[in-house]
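Here chain A shows up in two complexes: once beside chain B, once beside chain C.
Presenting the complex of A and B:
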């Protein structure tokens, strides 16, 4: 019993910090472009395959892990910029309804999913960058997430472009008058979100022995999105808190054979419950701090 | 310095402004008055690129926008600026010379042999691109680089950013940190209440303070022209007076003002010239005094 709880907690903290990294992308894109980027999960797949590909070229050890992380973040950012320019930007320029962007994002998601499905059908074994115990791995993952969150917070609050992102997110037309290019800010946000998902992908692969083309859409799926909503979509600390809450609940539920099969039902019940109690999520505000 | 020609804007089927012409000269305070829905805000938005204008509308800037080194820099680059200023001492003279198409190469060669006809052509082309170009074709986020700042209706400060961050956003297009810091100090001198509240979120300021912040934010871009949209809206008379004092001060410091106001009497009393808008058309124009004494204006807008 206690053993299950302990393992659940450790895994929960580990998975939670990964969910947090990915949830940040959902929340930031929502904060600035007011859209749910349902294709965001595919960056996990892209990140995992980039890291796998790089590792099979340069080997798998702690040093190449850093290179693989950088490559994964970079490629994810580039792909997100391309999809943003090709699919979302034209919609934004035409001032379409939000539902259009939502459906488009789902479409983009399926396109990337299918590409990977066609190209990579076999299961890949995750690169063995590190040889750590579960507890140490969890500590490392938490540290990575916290450092990332601190850096990102500093960027958003202290730098010129971070402030401009907040300005755009709050009042795009006033931001324009300041000379801020809103489209550039939105692109930047997409890129940052995707890069964090790329980082999350590499870290996630440290926890799993195998992965395949559906790693982003099925294995991780919409859980980080749920985390972002639970934390309060649009809020950066909310995404982090939501990530940990969802991660811990999920992993504790999985750790007990009695509740394990019910895990998704439990997670989504909690989502619904939190949203009934606080419709804007834990740290969400109806109007306000949106990055 | 700014010329609006044949400007029309429609929102769907509603024609908000219909073929209006107006002109703003360097150093002036130009006032736009008109009833609710006359199209005043739309006119300002058209100038700053926030709304789409119909074909055949034009908004042009002229040489008098180029009165300092910084603006010249923006238009032709640093090297060319230095060179031109060395020869002609003022950016305006420099550009007038280039633009007049006379052969100025001799003069330039005497001081610096590096500037040849080809370079000159390139400078002229850049100049034409920037200044002769129709502002309508310039994207909204570039307008501030042309020396135009817009204080929008309803202030539109960034509520979740601090007062200081709002001011920094005003200087978004500027690069010299040192100069920005200097200007911040000057702004705080002019608006001591903003200094006291510089770490406070702008959303927590009173209406009057937000209006001051919106004006101060616009000043941070070092504009040549400030477009002000109903700065007195919703403010107590004493604060309105303060705001108008600030506007006069700005104008005295050389900034050209385009002011939209419901408070016609007050606005016309500080105006050099004014235009009266009615359902999207300019029906009257004249000096501030002329309009104040015009019978129709008195009846419709001055309540007497």
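Presenting the complex of A and C:
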């Protein structure tokens, strides 16, 4: 009993920090472009496969892990910029309904998923960068997440780009009058979100022995999205808090054999309850409707 | 003269028997043609699927297209309807068997003969009853969810919460190993009651659905729902009880989704939760987006087209290509024609005439007559 609880807590902190990294992408994109980016999960798949490819080229040890992280972040960001320019930018320019952006995101997610499905059928063993015990790995994951979040917060609050991003998310038309290029800021947000998903993918691969093409959509799936909504979609600290809450609840539920098969039901019930009690999530701000 | 104008004005209220007759004949013709078409084995599989998915897509379209709210968990309602309908039909089958001490071969003579696929009259009654019970149960669940959810949130949050509801249904169904000894979840129940190849039953349910939806959307209720889609605040200011109509639409949608789920079980005699997972909800969304959000005929055409294409792909192409094609279709449709093939228009005789420029001579406008009369 206590052993299960302890293991669940440790795993939960580790998975929670990964969910937090990925949830930041959902929450930032929603905050600035007001769209639910259903294609975000696929960037985990891209990141995992890029790190696998790089590791098989240059070997797997702690130094190459940093190179792999940088490579997978870069490639995720580039793919994200390309999809943003090809699929979402034309829609935004024509000022279509919000539903169309959501459906386009589903389309992008289908395309990336099925391309990986067609190209990589077999299961890959994840690269062994480090040889750490579960507890140490969890501590490392938490450190990586906290450092990333602190750097991101500094970037958003202190630099010129970060201020421009905040301005765009607060009021796009006023930001445009101040000389801010809204489209560039939205593209930058998509790129940062995807890069964090790439980082999350490499860290996630440290915890699992094998992965395949459905790692982003089935293994992790919508759980980071649930985390972002629970924390308050649009809020960066909310995404981190939500990620840890959802991660700990999920892993504790998995650790007990009685509740293990009910884990998805528990997670999505929490989502429904939070939305019914406080639709904007734990840290979200409600925006009044203008007539 | 005034009497004539009055009669013109109230023309649409009089029953137009010629039109009713025409519609009735068309419905009978559709059923006959569909049942004649199903001699071919692959058509026997594909046509009932098209009909069932059409019912599900139409029921999704009245929420997404006509009310203007996103629902991402429609497959969950289909799952509920399927489970309840299969439970009811199998429970009744078992009860009849136990009460009368029938052997299984006697039961086959009464209900359904597995050997040659022949369905007897009692079998039809049993299936129709079970499907309707499933639909009503789903409707009750949809009503409860609507009451809990629709007043509080809309837009993206409603989409998220319906996504969560669909996933919770799937997860619960996965864990519902047995109810009274009937196994659900991954394996699904085995079949005693099945109407697989009997297209007329499916076709008449589709026609029932269409009649129901068209009549509702030609009435005051339908106009109120459409006005909520156009502008919620303005319609609330005009005295339309927005929440009531939203719950009404949501419940209606759930009822017909449950109907489609029940029919799917009695078609396939298999009820794996993977059939009604998140992918199914998104697939239904693809159907209605391609056909046009708010267009019933567009939904029918796109459902038939995409179900046929994905069936052919499933037979001929390796896995993965179906989703690739769906993704490409979604993005191209959204970029080129965001409102779908038909938009909110319907493919009616008037529309076809307009397209082919077959115009009648315009009638004299009534107002001119009024002015003339006053002189």
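Please note the rule applied: the second predicted complex is superposed on the first by the 287 of 291 C-alpha atoms of A that agree within 3 Å, B and C clash if a C-alpha of one lies under 4 Å from a C-alpha of the other, contacts with A are read in each partner's own complex, and residues count from 1 in each chain.
Note that a residue touches a chain if its C-beta (ideal position, glycine included) is under 8 Å from a C-beta of that chain, and two chains touch if they have at least 3 such contacts.
Bear in mind that the values here come from a model prediction, so they are computed numbers and not experimental data.
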First, second, both or neither for A:279, with chain B first and chain C second: second
Partner chain in contact with A:166 - chain B first, chain C second, else both or neither: first
Touch count on chain A, higher of chain B and chain C: C
Which superposed partner A:93 touches (first chain B, second chain C, both, neither): neither
Touching partner for A:182 - first (chain B), second (chain C), both, neither: first
Partner chain(s) touched by A:174 [first = chain B, second = chain C, both, neither]: first
Set of chain A residues, in rising order, touched by both chain B and chain C: 289
Complex contacts: residues of chain B adjacent to chain A: 48-50, 139-145, 149-150, 152, 156-161, 165, 168-170, 172-173, 217, 221
Footprint of chain B on chain A - complex, ascending: 160, 163-164, 166-167, 170-171, 173-182, 288-290
Contact footprint of chain C on chain A as seen in their complex: 30, 34, 36, 87, 90-91, 94, 96-100, 102-104, 106-111, 113-115, 117-118, 222, 226, 229, 261-265, 268-269, 271-272, 275-276, 279, 289, 291
Residues of chain C defined as touching chain A within the complex: 64, 70, 148-149, 152-153, 155-157, 159-161, 163-165, 167-168, 170-172, 174-175, 233, 282, 285, 289, 293, 318-324, 326-331, 334-335, 338
